[in-house]
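These notes open a run of structures that come right after.
Shared chain: chain A. Partners: chain B in the first complex, chain C in the second.
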Partner chain A sequence: MNLRMTTAAMTCGLLAFATAAKADSGGPVCGLNTGEAATGEPIRVGGISGNAPPGDFSGGTRAAAAYFACVNANGGIHGRPIAYSVGNDQWNPELAGQIASRLVEDEGVVALVGNGSVVEMAVNAELYAEHGVMAMASGCAISECFESANIVSTNQGPLPSGIGALRFAIEELGAEHAACIGFNIPNNGGWACDWMNRYMEQHGLRGTSILMDPTSVDLNGTYLQALASGADTILLMLPAGPAIGLLGVAEEQAGRDMFNWVSPTPLYEPGVTEVLGDYWDGHIYINIELNQFDSDGADNRNWIAVMDAHGRDGDRRDTFSQAGYLSARFFVEALLELDPESIDRASVTDAIRGIVGAESDLLCGPFYVGDGDRHMPNHRGRMVVLRGDAFELVRNCFDIDTAYLEPILEQERRLGLRD
Partner chain B sequence: MKPNFRSALALLFFCVAIFVLPLVLGGFWIRAFTSAAIFALAAAGVGLVYAQLGLINLSQIALIGVGGWIALRLNFATDLPVFLLVVIAGLGTSALGALFALPALRLRGLYLALVTLMVAATFQILFNAFQFPNGGSGFWGVAQQSGQAMRRPSIATSDAAYLAFSMVWLALGLLLIEAHKRSAPGRAWKMIRMSEANAMAAGINVTWFKIWAFALSGFLAGTAGALLAGALRQLDARSFTAIEGVLLFALAVVGGVYSWVGAVLAGVLYKLLPALLNNLGVTSDLALIVFGVALLHAIMTAPRGIAGQFEALFQRKDKA
Partner chain C sequence: MMTVYGLFMVSGLAVGSLYALGGIGLVILRRSTGFLNFSYGAIAAFSAMTAWQISQWGAPVPVAWIGAVLTGFVLSVTFGYALAPRLSHREPAIKAVATLGYLLILLGLMGLLWDHSLRRLDLPTDRIAVMVLGVRVTVTRLIVLGLAISAVIAMIVYLDRTRTGLNMRALADNRGHAALLGVPILRVETIAWGISGAMAGLTGVFFGSLVRLDPTVITFMVIPALAAAICGRLTSLPMTLIGGLFIGVVESMLALFPTLSAYRTMAPYIIAGLIILWMQRGNKLTFATGD
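This part shows the complex of A and B:
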């Protein structure tokens, strides 16, 4: 382990210790935790999230904003506050490109943190690479997010989370033929469902993709397609809204017991249990990318404390929010390693790439970035089942076995994170 | 406004747009102005058919998508220069635009509007079902993975240079329209607009000139689609919904369909206003309310659009 990694590990350890100690006392722990407001020259940081029908991906940027506010109130980055500027791409590729240009070219941000979108990463991955700026995202759902050198996310996205749900369905529910229901978007539903099918084939089983037009969702037709496919398991590769709608259709047609029902993370949202009701009690299994919202881990409690103290009323408290908090925390820890007077885009990019072995109880494994041409540090998840008015943990941290992860696992070996 | 003054004004506008804007604007506005220029080109096409023949075409957004599809497909399948890709996309879309003219030979007004709206809805479904090429194999060229990027011309790889490139295309497109207006097609369209029966009696091939207008409009939409693919480096099916076609036509009317200024204003309203609102931290959907009010204003008080009001203002000053 070189000196840089040792220093980073020690800093992480100290911050984790402080987090645990302070979280026990109920207040949030952020950055240097001095209790004094930072007053130096601001460090400009950007963020892009999409908030428009059919989904709100702002949880990551809102949590990052809350964490940065907390850091600024606690000494900042050795006295320098973080000036966080966020844009809403409204699921519009042109707006996404315009906002990225404003942040990266006009405002000269040193990095982007907390990004969550279904269009932003595809449009802007090349811009980030051209300008040597890193995006520490937290709400990734498309392939470009995990296949670009300058984007790294703390969330898993649909592919590992979906395969995790499938693995559970095969091992615990006896799934033999899974229908993956997603949106017909090549780098989203098409990409994820394609890899679901390969995963099923890899295990000598069968997978079927049922892809819906995202501009005119026909849930009844989709459900009938799933019935006709002969699948025994349905994987809901959808945002929470359409997934709940499809479950409603299945309930109307008494379809609960005709399939095993599994889902990646999006269905794990506060309030979903009330919406779905008793009918689905014990019948929906969800792979979660980060720890449970009510877990006792120090970092999870600190996320809640930060949102309580520095969040806004109405801020989402979902997985993207947890991931946004994590991205912001890892980002701040990387910045604290730098000489505050020499912080610029190049030094920040190097510092982010230098993150190796950062830990959190929200994750199932160490977080890292490195200098690979793609990043997917979070690929181990947990499984929960809807039980009563809560989600109950049914399988703790487990990994997935898919060819997609081969270059990722090779990176981990190079970084000394895996044998 | 005297013709010489009008030409000088147009020349000055495009000199500023091509040579000055890319130098003085920041990254955000460069991208916003690029989108505005591209959609002004498409609006000029839809305005042409409405102004010259009095026909409502709500399917222009579908033609923009078709142009983008052709450009992307050729981009991944061939090494043709981007300039040529834009021309081929324009010509291919022009042929489809001519096909769209077939219903217009028998229909007008509300019925033609409904038919073209259905065409736009059909293409919305087709785009979502088959998606835009992203470097995959086969005829459709779609791979279920991260997409590859559309090339840009070597002289316009940066966003600033691409804005100038798009402005040049807009200027060429508007000149093409002007050339048509001042020659045989323009005279024929004028007669057809006044009375199809009289036009036929005068020996004008009404069918041919209607198809020609739609083909020209399709050409402009196709080039706009190809330019849009280069601006965004890829296209998303969700950008080409039928409702966008209605919006584009409405804004062409608001801007004014009888002069090039109207098309430019339509592009500005359609793309710069939402960008401005977003930049102010306000949802760009608010622009829809502004568009609605502007359309009411145009229908009630300014049938020649905002551009017509500007012209009337100048003419009053000239008389004074």
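This part shows the complex of A and C:
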């Protein structure tokens, strides 16, 4: 282990210790944790999230904003506060491009943190690479977000999370033929369901993709397609709203016991248990990308404390929020390694790429960035089942084994994180 | 194989009856006022959200339903009374664009009032069902189909047998001549907006229950509903009903063909497009009115 990695590991260790100690006392722990407001020259940081019908991906940028506010109230980056500027792409690619140009070219941000969108990454990945700026995202759902050199996310996205759910279905529920129901969007549902089918084939089993238009009204037809396919397992590769609509149709058709029901993270959202009701009790298994919202881990408690102290009323407390907190925390820890007077885009990009072995109880493994041409550091998951009015953990951290991860695992070997 | 076809046909009829119900509301208004109301879906969405809100406050289901119908009525009449008369002499396209503006206002208002939290609108009739060709059809879906058929019959009788219906037909034929003959235009048009709005309220509740309670999704159901209305040439209620059901069945049956199933949401527009072409064969302007 070289000197830089040793120093980074020691800093992470000290911050983790401080987080645990302070979280025990109930207050949030952020950055240097001095209790003194930062008053120096601001460090400009950007963020882009989508918040418009049909979905709100603002949890990541809102949590990052809360964490940065906490850092600024606690010494900042060695006295320099973070000036965080966030844009809402409203799911509009043109707007996503305009916001990124403004932040990267006009405002000269040193990095983007907390990004969450289904359009922004596809539009702006090239811009980020061209300008040598890193985006530490937290709400990725499309392939470009995981297959770009300058974007790294703390969330998993649909592919690993879905495969984690499938692995559980095969091993625990006896799944032999899974129908992956997703949106007919090539870099989202098409991409993820294609890899689901390969995963099933890899295990000598069968996978069927059922892709629907995002605006489809006829969820009954989609359900009947799954029924006609002969599948024994349904993987709901959908946002929570349409997934609940489909479960409503299945309930109407008394279809609960005809399939194993598994889902990636989107169904793990506050309010889902209440909306689904007793009918689905014990019948929906969900892969979660980060730890449970009510886990006792120090970092999870610190996320809650930060949101309580520095968040706004109405801020979402979902997986994207946890991921936004994590991205902001790792970003701040990387910045604290730098000489505050020489912080610029190039040094910040290097510092972010230098993150290796950062830890959190929210994750199942170390977080890292490195200089690879793609990034997916979060690829271990947990499984929960809907039980009563809560989610019960049924499998703790486990590996997600897919050929898609081969280049990622190779990076981890190069970084010394894997044998 | 017949059983599979039966499954998808029954499923399609259920969705088609929702399209038909929406289309009928559009045609009623179009016939009486000349307005093609693009905000119909937004009014339905606002009504459905209101019904959910009322039920969240602990009110019984019938109160929530009445609340939804009243909301639809009020929102529709507000536009019909305050803005529509000022546009009465403008071209049909300008009238339609004005309703698009109203759609955006209502959509924005819903975004302010209700966040993106997950919601569900359950009706007591969702829990009772009958088996038809292997498909479990809930009473809610039967009510929608029954309501669509009843609305067509009731409106035909209303337009043919009542004084207000006669006035509505007179307005549809020629607004200027009707005014000269002493038809109380504002009153008659307000009644038409009210009936259409109340239907939008009911449609919204059923849509929220059977598809999903999402303001955007319900708002844009106006598009397949419009396709159903086009099948009825924006004037014929029975043809709108048949068109809506036909679109629903075709859309559902396309799910049986793997190469086409991902594109089956195109069905309403393709069918509407073909029908427009068919109607244009005599060079008659499809949407022209007497104005």
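Following the convention adopted for this analysis, the second predicted complex is superposed on the first by the 417 of 419 C-alpha atoms of A that agree within 3 Å, B and C clash if a C-alpha of one lies under 4 Å from a C-alpha of the other, contacts with A are read in each partner's own complex, and residues count from 1 in each chain.
In this text, a contact is a pair of C-beta atoms (placed from the backbone, for glycine too) under 8 Å apart; a residue touches a chain by one contact, two chains touch by 3 or more.
Since the structure is predicted, the reported quantities are computational estimates derived from the model, not experimental observations.
> Once the structures are superposed on A, label A:104 by its partner contacts, choosing first (chain B), second (chain C), both or neither.
The answer is first: A:104 touches chain B but not chain C.
> With both complexes superposed on chain A, which partner does A:416 reach: first (chain B), second (chain C), both or neither?
A:416: touches no partner chain.
> Counting only touches as set out at the top, which of chain B and chain C does A:269 meet: first, second, both, neither?
second
> For A:254, is the partner it touches chain B (first), chain C (second), both, or none of the two (neither)?
After superposing on A, A:254 lies in contact with chain C but is clear of chain B.
> If you stack the two complexes on chain A, which partner ends up touching A:213: first (chain B), second (chain C), both, or neither?
In the superposed model, A:213 contacts both chain B and chain C.
> Which partner chains sit in contact with A:407 here, chain B, chain C, both or neither? Use first/second/both/neither.
Neither partner.
> Should A:244 be classified as contacting the first partner (chain B), the second (chain C), both, or neither?
second
> What is the contact status of A:184 with respect to chain B (first) and chain C (second): first, second, both, or neither?
It touches chain B and chain C both.
> Return first, second, both or neither, reflecting whether A:388 touches chain B, chain C, both chains, or no partner chain.
A:388 sits against neither chain B nor chain C.
> Overlap of the chain B and chain C footprints on chain A, residue-wise?
Shared contact residues on chain A: 52, 184, 213, 215-216.
> Residue numbers of chain A touching chain B in their complex, please.
52, 87-88, 90-95, 97-99, 101-102, 104-106, 119, 122-123, 125-126, 142-144, 147-148, 184-187, 190-191, 193-194, 213-216
> List the residues on chain C that touch chain A in their complex, please.
The touching residues are 4, 7-8, 11-12, 14-15, 18, 107, 111, 115-120, 126, 129, 135-136, 138, 211-212, 214-217, 220-221, 224, 248, 251-252, 255-256, 261-265.
> Under the stated contact criterion, what part of chain B meets chain A in this complex?
Listed in rising order, the residues are 26-28, 30-32, 35, 124-125, 128-129, 131, 134, 136, 142-147, 149, 159, 231-234, 236-239, 241, 271, 274-275, 278-279, 283-285.
> Contact residues on chain A for chain C in the complex?
Those in contact with chain C are residues 51-56, 184, 210-213, 215-222, 224-225, 227-228, 240-242, 244-245, 248, 252-254, 269, 271-272, 275-277, 314.
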